[in-house]
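Shared between the two complexes below is chain A, which has chain B as its partner in the first and chain C in the second.
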Partner chain A sequence: MQNAKDTFYVTLQSRLAALNPARTIVVRGVVRPGTLVEENELPSAWVPMDAFRLQWTGLQANSAGPLPLLAMECSIQYATDGTSGNGGMDRGRLLAAMDAELVSVLGAEPHTIPKMNYSAAGGGIAPTAMGTNVFWADPVFSAAKAVGERLERTSTVLVFAYQEAGEL
Partner chain B sequence: MSTTTGAGVVASVAPVTRRVRAYFAPVNRSAGIPTLFDAAQLGRFDLNAPPSPWVDLGWVSEFTRKCGTKIDALRAGAPAMTVGQVRTEVEATVSLKFESWGKLQVTLASGSQQTNLLTTAAGASPNGSGGVAAAPVPLLTGTGPASTATILNVGTTAAAGFNIGNLVAVDVDYTGQLGYVGTGVSAAYVQSASAVGGDVNYVRRVTLNVGVVTAIVSGALELVSPLLAGVPAAGMQVSKLIGFCDREGASFFQEWSGLFVMPGEQGDRVLIHYPRLQAMQGSVETEVGLAAPLKMIRLAGAFRALPVKDTNDGETVLCFRSYLPAVLRGV
Partner chain C sequence: MSDLVSATGAAARATDVLLRAMGGRTVMLRMPAPAVPTDVTEQLGIAMPTFQDIPLGPVVYRKARATVAEGKAAKWELLVSATVVESLVGSLTYASASVLFAAAYGVLSDDELLEIESATQDQVFGQPYVYRLVLRAPLSQMT
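Let's look at the complex of A and B:
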């Protein structure tokens, strides 16, 4: 299950970074592409603006077939205050740009990607490909919400993966 | 429960797909020869670049196959007991909704000859499928570049009569041909020259050899995609058109070879091939509500499969379903 979550996150992050390399955030002093998984970061009340924050919420398992099919709900939250140079009056445009980026990367072919195991990756060690693919449905977008001068939205996408033998 | 079938091999799971892609290929109506798709050779083709002569029809929805084959019991004895079975009737149908509208999709969905609404001559009397057409424009030979499947050399003078975005039909003149007409794809059947009024533009009126002009350069019309029939043959001419028209009640049955691909999310693929399909309903469209008062109009098609003989064993069949497993799956 974690492999599927990691694979989807890395895929989403790399596609978003390729589409808009200028969208970055600073996390613990490091500049990164503007996508993060909240459960992988230090707990904080700080909400990064103009970035995509992933939360893994719902989970269903279908054991009818020879491999359990997992349906994992990924909630992608994003918000913007606009830019100070424009007095925040561009916040609608910036939210629309983030909407468009998500629509583009989640709607782009392919909608399926080989599941990777990142548990031993890093430090020059590449992740290993597993035997099945991770795939996802079309995203569902909530209504934009205005909180003071801030505009925010949540997109929800169902991510599917088979739990392979021996995989946790 | 988790299952493996061997080292590195994953248990086979039911294919999961998000949509169905359709492809068209012509049937040689005069010879009665369909286009056969060999999944053993071409099953893994790039969905965006189908192998010739297959033409992409785009995604379809509500793709439904129905088996009308009847199997009866053979009984013997007293009391009668089933001792065997026999197929008493073999039939297969398929229905779908096209997600895009184009000449091919509209033609196939209509199921009959589908006319191009050729630009009319000045003063032409009104007619449901288009009045008398304006004079066609000949393709030049020996002057300027040779015409190709995507470039139509009409000369600078004639080119001035075209604009970017124009639709054009390219085909031979009607000179009394009888039987199937239309280059590349049989588009209609002419029973007599008088039936079509000896109209020199009749073949261009029904042809599926159409294109969209995207550029005009030095007397040549450049098309957005290759003509279905390829490089224009000598004697072909160009007519402008503004759209397409079909009718309820026409006599001709379109026939085509169909291929439907369900790409699996695991890299597997299901291919369903009907070598011969004929429409089993007239022009129908369905509405999909968007938000009042907006509705999306989809072309609805329903087709009946006709038989071919499988040369591997001489069996007469209606369709072929092929399954290509993903890599390293149990079988």
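Let's look at the complex of A and C:
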């Protein structure tokens, strides 16, 4: 399950970074592509703007097949205050740009990618490919919400993966 | 006269004296190590950053008792010397005090780690003389 979550996040991040390299955030002093998984970061009251924040919410398991099929709900939250130099009047356009980026990367083919194991990766060691794939449905967008000068929206994607033997 | 006050940081020094006179103490600002840009395992929650505790003082709690509301974590307001904040911003090479406090993991006070909810500053002649941190107790201690 964790491998599928990691694979989906890395795929989404790399596709978003390729589509719009200018969308970045600063996390602990380092500039990164503008995506993060909230449960993997230090708890903080700070909410990054103009970036995609992933939360893993729902989970369903179907054991009818030879391997359990997991359906994981990924909630992608994003918000913008607009550009301060423009008095925030462009916040609708900035939210629309983020909508379009998400539609583009999640709708792009293929909707599937080999599941990778990142647990031993890092420090020059590449992740190892596993035996099954991760695949996902089209995103569902909630209505945009205005909180003061802030515009925010949540997109939900169902991510599917088979739970392989011995996998956590 | 105003130029003299502005240029010499007299307001910040006067605030330091007041903070010390009111029983100023030292707390620790817990800072995570900078992220590793090319290491995806940090973004996946596999590799954990190391932490560094930096003394922050003189500081004073604005009220002796925390602000407590049912169903919410207790909150404290901490007044922090602008002199020490400015020196930390310089020595740790952060762009500003707001970036420093946004990057901090929390404030360690009496062996309790409090999360920084907000950081604001009071200024005189465009120079900060005191910082106000709103600190939140861990959710495990929620009433």
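As a convention for this text, the second predicted complex is superposed on the first by the 168 of 168 C-alpha atoms of A that agree within 3 Å, B and C clash if a C-alpha of one lies under 4 Å from a C-alpha of the other, contacts with A are read in each partner's own complex, and residues count from 1 in each chain.
Please note the rule applied: a contact is a pair of C-beta atoms (placed from the backbone, for glycine too) under 8 Å apart; a residue touches a chain by one contact, two chains touch by 3 or more.
Nothing here was measured: the structure is a model prediction, and the numbers come from that model.
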A:T57 in the overlay: touching chain B, chain C, both, or neither? Say first, second, both or neither.
neither
Figure out whether A:N86 sits in contact with chain B (first) or chain C (second), or with both, or with neither.
neither
Answer with first, second, both or neither: which of chain B and chain C does A:F135 touch in the superposed model?
first
According to the stated criteria, A:S44 is in contact with first (chain B), second (chain C), both, or neither; which is it?
second
Is A:D6 in contact with chain B, with chain C, with both, or with neither (first, second, both, neither)?
second
First (chain B), second (chain C), both or neither: which does A:S104 touch?
neither
Quick one: classify A:V27 as touching chain B (first), chain C (second), both or neither.
second
Scan A:T112 for contacts with chain B and chain C and give back first, second, both or neither.
first
For the complex, which residues does chain B have touching chain A?
1-4, 8-14, 16, 18, 265-267, 326, 328
Chain B touches which residues of chain A in the complex?
63, 65-69, 111-112, 131-133, 135, 137, 160, 162-167
Within the complex, chain A is touched by chain C residues 32-37, 39-41, 43-47, 49, 94, 102-103, 105, 115-118, 136
Could you pull out which chain A residues touch chain C in their complex?
6, 9-10, 13, 27-32, 36-37, 39-40, 42-46, 118-119, 121-123
